[in-house]
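The two complexes that follow have subunit A in common; it is paired with subunit B in the first and with subunit C in the second.
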Partner chain A sequence: MTEVRVAGVGLTRFGSHPERTGRDLFAEAAASAFADADVDPTAVGELNYGNFMGSLAEHQGHQAPLMAEAAGLACPATRYEEACASAGVAVREGVRTVRSGEADVVLAGGMERMTNLDTDGATEGLAIAADDLFEVRAGMTFPGAYALMARAYFERYGGTREDLAHIASKNHENALPNEYAQYRREVSIEEALDSPPVASPLHLYDACPITDGASAIVIVSADYAEEHDLDASVAVTGTGQGADRMALADRDHFARTPAATDAATMAYDDADIGPDDVDVAEVHDCFTIAEVLAIESLGFAEAGEGIRAARDGLTTADGDLPVNLSGGLKAKGHPVGATGGSQIAELTRLLRGDHPNSGRVPDAEVGVAHNAGGTVASAVVHVLEVAE
Partner chain B sequence: MTEVRVAGVGLTRFGSHPERTGRDLFAEAAASAFADADVDPTAVGELNYGNFMGSLAEHQGHQAPLMAEAAGLACPATRYEEACASAGVAVREGVRTVRSGEADVVLAGGMERMTNLDTDGATEGLAIAADDLFEVRAGMTFPGAYALMARAYFERYGGTREDLAHIASKNHENALPNEYAQYRREVSIEEALDSPPVASPLHLYDACPITDGASAIVIVSADYAEEHDLDASVAVTGTGQGADRMALADRDHFARTPAATDAATMAYDDADIGPDDVDVAEVHDCFTIAEVLAIESLGFAEAGEGIRAARDGLTTADGDLPVNLSGGLKAKGHPVGATGGSQIAELTRLLRGDHPNSGRVPDAEVGVAHNAGGTVASAVVHVLEVAE
Partner chain C sequence: MSDGASGYGNAGYDEWRNALGDGEGYALVCPDGHGSLPPRRVCPECGSTSLPREPLPAVGTIETATVVHVPPPRFADDAPYVTAIARFGPVRLTGVLRGVDPEDGSGPVGRSVESNVGERETDGGSVVVFRPAEK
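Moving on to the complex of A and B:
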């Protein structure tokens, strides 16, 4: 099997870009990735592109050939839609395409524009990631869904709003030096606790923001990197994907995310590592409680113990296993169709040593990315390792 | 490389299903495919699912895990969106997944609900497959776009409305015995010519209808088929994909579809065949002119000669190369996210000998499917061959 490397990564600043189109955002991310990789767009064999709600936010479907054109590519282009895991799936298929020898160079990533919708529009747009018939029509929104998951967790394992506030505060602190982050300001535990309620027990600072942005990753075979003398020092050694029932009510328990557990098991087996080998992780903290569920699914904490991980220092920047050194979805922002690619970009920078937070993990050799769709009805996990 | 077989195919009746949900339609197609294949849903390693406008028509994104659940699967599930080529791309990725050994059994196909939208809603929904900024906002619709392509063709190569009417009449005749077809009635040349204008030179009977429906294909490795004693006598020997600039105005000429030419070249090379080897084809005739462009891109006719192919009898049921024996999108119907899978299902039935039109092509051994997105900004071509 062909060994897969990340040759370059590109991101736009995450935030509000009212003056930009989606194609413009993705073109910027792609150009950055090509410059970072020292690869020409004409070398790309396939584009794997993630987008979630472009047909609602920009009245634009069929975005893959459009984005290929914007990025200067002349190759087959495919759009993946897996709600907030769209770019994670796009990256995964890119890894598999290079592994199988179908292409030596794949551009994978994604884009989302959301801030051009008003709050109601964005809330309704995001809701299409849940079960329309059995959840959305009953009034469920994503803050509501994750609030149910948090309540179920608290009831089953215990936990407090203060535990969650430690996650928000940690991720905001991590985002401070990140030039791509939407929110680069500290949020204290008190400020998080005092923020207005959204869906009890979740308050405003338990939620990630609405974000525009794009991500792009140049994925190459190790042979291609060597032949072209590329500085592609990070390998993708594991990839996994899982699915679960769509509606929360159809699952065994609201406070477990088995799709992510399945994806993690598959990715760890693929990379021939275990959770103890992981040095740093980027996980899908669309809400603070989601980070708890993620680190438990990834095997970083036992069920019921993830809630204390930030508070006890396991997942802080100076902890044994820093989580979301980018700032996470919480503070860096969450342009849903781009997020899975952004996580790979941030991990790559962390492992290469050129992330502003690389100094917090100077010896990191193994990183894990966890990208989830909806209430984790789908999940994608990747393992990245320093290759040389 | 692992040899790939079609183990089973499933379709819903194409037409108007106001009483059905999307998940219900896909579950029916999947169950039919599993019964046809004699494969249990639990054997499926991955679901590749195509859908175009579900976020508009059913307020339902993130459909892949939902459809996996509806089909009784417990495996990773991914949605592909490539406008009207969504299921074509889903099948292509399924073929590549089985070839690479990532899974022995993949379920691929798609679903679309469209008739629950009114005509304006469907027209606007379909328009998201074009360039919103540079085409749709200028007033372009898909009938308008294909009318421009027809006009450009007529100007460059010649051609008449009567030539196009022969295509409509042929495909309606082909659909007569097809139990899955939306329209099973003859349309005479005169009736087609007399139908009301939609976008000159295209009239009503130059256009495919608005359709609900689903398709599902069980794709397996030849080894799996042998081990499980499956009757999987049709092989997928070639797959190709191409992309073009999104907006018609950015292309060299409106009357050529190079994305399809690229996809065909890739698929023929993959199968190690040429257009002369093809016995039967299913092509993307969303409008009559689209069939002309398709058969030229596939190499069945020289540029400028495809317009006469139906009229001169090349592509009729008793011609040298019957095209759209299913009835095509024109008469069988076009649930856009399902169509690419439907073409594979129809070709499989034709090559196996159990299609109601198999008697028209008793010696057919090689079939080609051509699935296009938008104004062929994307295209997927597959080659199927009788394997034993």
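Moving on to the complex of A and C:
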């Protein structure tokens, strides 16, 4: 099987860019990735592009050829939509395409434009990731769905809003040096606890913001990197994906995310590693409780113990397993269809040593990215390793 | 009964919701006892194509709930409201819990409820509703 390397990564600054078009955001991320990779766009054999709500936000369907054109590509282009995991599945398909030998170079990533919508529009847009008939019509919002999971977790295992506030505070602190992050300011435990309620037990500072942004990753075969003398020191050694019943009410558990467990098992087996081998992780913390569920599914904490991980210092920047050194979705921002690619970009830089937080994990060799769709009816996990 | 938001019908779902509103709610239950809600052609657990209707029990139990303070547009005048998931025999339903104080700190998990269909305050659209079961 062909070995897969990350040759270059590119991001736009995440934040509020209400007047910037999706095509301009993605073109910027792509150009940045090509510059980082020292690869010419004409070398790309396929574009795998993630986007969730562009049909609503920009009245723009059929986005893949548009984005290929914006990035200067002349190759087959496909849009992947898996809610918040859209770019994660796009990266996964890129990895599979290079492994299969069908292309030596793939551009993968995604884009989301959200702040051009008003709050109602963004709320409605995000809600379509849930079951329209049985959930959205019952008044379930995106925060409401995670609130139902948080309440179930508290009922089953215990936990408090203060435990969750430690996750928010940690991720905001991690974002301070990240020039791509939407919010580069500290949030104290008290400030998080005092923020207004959104859907109990979740408050404003348990939630990720509404964000515009794009991500792009140049994925190449190891042979191509060698032939072209590319500096591609990080390998994608594992990829996995899982699925669950769409509606929360139809799941076995509300306080667990088996789709992510399945994705992690698949990715770990693929890379021939286990959770104990992981040095650093970027996980899908669209809400603070989501980080808890993620690290339990990834095997970093037992069921019921993930709630304490930030508070006890396991997942803080100076802990044994730093989680979301980028700031996570919480502070870095969550341009839905770009997020899975941005996690790969952040992790690659953390492992290469050129991330502003690389100094927190100087010896890291194995990183994991966890990207989830909706209430984790979809999940994608990737393992990245420093190549010999 | 219209949804109040979309101008189209949803065959199977509309019939199910109307039955629930008439006090004749049902689940689809395969021979192995897996419950699901329509429209279905196969059991999502085992693939069985035999999905006869079974009446829902009159009383269910709330398994998780949240007080929604930031509503979607269709629920603007309903907030704060309680969204809950309750088990009724072979299936769980998602609905709005009424007849309780949303700000009641004790929380509704474990409470016995009856299911029905009510109207959203915002636009009169239909919504699955739970109410505390009468003793």
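Here is the rule we go by: the second predicted complex is superposed on the first by the 388 of 388 C-alpha atoms of A that agree within 3 Å, B and C clash if a C-alpha of one lies under 4 Å from a C-alpha of the other, contacts with A are read in each partner's own complex, and residues count from 1 in each chain.
To be clear about the criterion, contacts are C-beta pairs under 8 Å (C-beta built on N, C-alpha and C of every residue); 3 or more make two chains touch, one makes a residue touch a chain.
Being a predicted model, the structure only gives us computed values, none of them experimental.
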Contacts of A:E155 with subunit B and subunit C, given as first, second, both or neither: second
Partner, of subunit C and subunit B, that touches more residues belonging to subunit A: B
Touching partner for A:A199 - first (subunit B), second (subunit C), both, neither: second
First (subunit B), second (subunit C), both or neither touched by A:A377: first
Which of subunit B and subunit C A:V136 touches, first, second, both or neither: both
Partner chain in contact with A:G61 - subunit B first, subunit C second, else both or neither: first
Partner chain(s) touched by A:R79 [first = subunit B, second = subunit C, both, neither]: first
Touched partner set for A:R245, first subunit B, second subunit C, both or neither: both
Contact residues of subunit A, present in both the subunit B and the subunit C interface: 127, 133, 136, 245, 250
Subunit A residues within the subunit C interface of the complex: 120, 123-124, 127, 133-141, 143-144, 147-149, 151-152, 155, 196-202, 245, 247-250, 254
Of all residues in subunit B, those that touch subunit A in their complex: 21, 47, 52-53, 55-56, 58-62, 64-66, 68-69, 73-83, 89, 93, 96-97, 99-100, 102, 127-133, 136, 241-246, 250, 259, 263, 373-374, 377-378
Touching residues (chain side subunit C, partner subunit A) in the complex: 3, 10, 13, 36-37, 44, 63-75, 78, 81, 83, 85, 91-96, 107, 109, 120, 125-128
